[in-house]
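Lettered A, B, C and D in written order, each chain numbered from 1.
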């Protein structure tokens, strides 16, 4: 029997290595896999590259991991949010590298990684500083920049519902980068608000089919963490 | 008030011009927009390029349109199905051009057209006859072929449910090329089994948001056609 | 005393009045978000938000916020009937693929050739936040800008050539400022209409590139 | 009298026995579809079909066909609990992105370097039907081939180099024929096991490139 659900956060994060590239889903506060991210501190992996839309806010989740000194480099579109104090302090101190990617190019590079497309042309950023030194090409009278797939070793995502095959649904604007990143990593780990029986999810409404998902951690595991 | 639904098939097909590239959804017999395709005969457009997975079967739908001599060229992955007799006769007689594209490359070229990606690299067909004379590149130690977006002037799709904003859902394996082609044309026309009130479709389960759809024809219009 | 000019709400009303029913519109963070509330209640305009919403509705009443429903500016919003959710790659497929009829953005500078600078304040700024600005600017069918006509110290924001880092090249087609509505054309800036209290000579002085007044109305 | 060999069902059973629980598998049109029914009932293997299904189940009982539910071979199928529907671009993202653990395909020829020819019978064939074969061959994590060991007239299908038009280069890692199971390695064809009634010398004679027998079992 296929059963991707794991009972403990230690099992969910087992095997993540130093130097890994970790895709972190969520947008703003919605759909952030904070239990998984924060538990990376105990898990111990260091020298991480984080790919995420934002560079963390407040002292929770990604900010907490950065504060713990585990992040060497961050790839994101919008590092300066209200409350991105941890990132900004580390960045000013030269303790974290930053790679700015336009949000749509970030999403498409992740989608490409999941879809076996190693590189694609996009109009975004042509003629700007973010395309400096990048290959460009005129196609059909318009100018484009060549961008490469951005795969992760690990993706951490937050789902609304999940089953033991790893099928996932999301809630409203919680779909965001989660559904894209889930396809783009060698090891995709989902924290889920609800783990339901196989067959309980309508096959028409599954957003991330289980083929992309390797481990599912019920968020009820949070209690255990707190205890 | 936005209302993309049209009562008559003539309104659905109005403005399609000679020489147009028409994307036709469906896979096998499932999700074929046959009412729209067959009505193109009365609509009158000629010299068409058809993009579809198959080259029609039997004497209905696309086969009927080809039999009527309206199709100059077909872009597809699998022209020889059981029953593709009309296509094969026309092809042997030199009366129709054929462009064979691997099924996944076809889907991705359509998706690229809808997503503003003018070209992308793919491993599919590298080193084969279908990549002859195409640009190739080694990326990360593997070889890829450059493929270009395949936009349509018109897309004809079949949906299960639709609302007046043009939001669409599909039924089981009826999603197939329909949901991809809907994004890839300047004018997307859907025939729908059910046209429902705005708000009746769950926003979590809409597969094709209305932004991609321009006209919706209820399949109840079929009666009118038969009359 | 501040110079004569339209308030931000008046600017938003002017933009809203120019949006036809049925357009799919993305409103950038900042002043452009005011346009949402200025769209006449009887006109259906479908608002898109980069983080995966179409059919975005107004802010919820206090206490009615849904924690799962925010917009690209991370504000709580609602969803209209007919709205839909999708993920980031699909959302930017809509943007990049030219399916958004209009994107309204703020700007640091707009050049007479339509170049837009709205994301970074200097080349030396090592950690600017680009978000979806470059994708929207390059992808939407048309880009309108809402901005004060000048900076606080009176420096023109409509210029010959942008000095700030560019967001996209040659994309802006119309600018709504507190003083005027200006088209960006092959011939440069062309006045559509202006605030009644602003003399054309003053407007030209506050604009950093030639402003063709022609027979523009003032309102 | 036909030579000794496994039936197609026996070949399918051999393939099925080698598929571990939890693999995501695409079965090509033709003989490979027989593998579905040969997977032990207590082993969960998730079948993918190019036209947008994961968790494909067996054929429905007569009269129970759902007209909306077909597979890539256009046969009526069912969906297991836990199955999902998606569109063609997402389906081939799974294939091209390397998410399918195994694809089992038929073949006209397999070369000792793993080259596969299974879509067109000659260069002169102007209207061959490629379908998803090239995407599957290039995209899946591993490609196994099921084929008769030779053509009807005894010509080897396992060859030095393919003469038929190629489907993909160097992708096949294992071949299940009616006579033997053969790995395709850096060193060419290596026998895993063979039909008990087939002498190794005969097998080598029917194989168009060196066949390394080593200590292969026969069963």
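The rule is short, and it goes like this: contacts are C-beta pairs under 8 Å (C-beta built on N, C-alpha and C of every residue); 3 or more make two chains touch, one makes a residue touch a chain.
Quick caveat, the model's predicted, so the values are computed rather than measured.
Chains that touch both chain A and chain B: C, D. Simply put, of A-C and A-D, more C-beta pairs touch at A-C. Spacing of chain C relative to chain D, judged by their CA centroids, is 55 angstrom. Between the CA-based centres of chain A and chain C the separation comes to 30 Å, rounded to the whole angstrom.
Centre-to-centre, using mean CA coordinates, chain B is 35 Å away from chain C.
Residue positions of chain B touching 2 or more other chains: 108, 111, 115-117, 122-123, 170, 172, 203-204. Touching two or more other chains at once are residues 79, 85-86, 89, 92, 95-96, 139 of chain C. Chains touching one another form the pairs A-B, A-C, A-D, B-C, B-D.
Chain B meets chain D in the complex at residues 27-30, 53, 77-82, 88, 91, 98, 100-108, 110-111, 122-130, 170-180, 207.
Residues 21-22, 24, 44, 46, 48, 54-55, 79, 81-86, 89, 92-100, 139 of chain D touch chain A in their complex.
By the touch criterion stated above, chain A contacts chain D in their complex at residues 1-2, 111, 113-117, 163-165, 167, 183, 198-199, 201, 203-204, 206, 209-212.
Residues 108, 112, 115-123, 137, 139-140, 142, 144, 148, 169-170, 172, 202-205 of chain B are the ones that touch chain A when the two sit in their complex. Within the complex formed with chain A, the chain C residues making contact are 49-53, 66-71, 74, 79, 85-89, 91-92, 95-96, 120, 123, 126-135, 138-139, 165-169.
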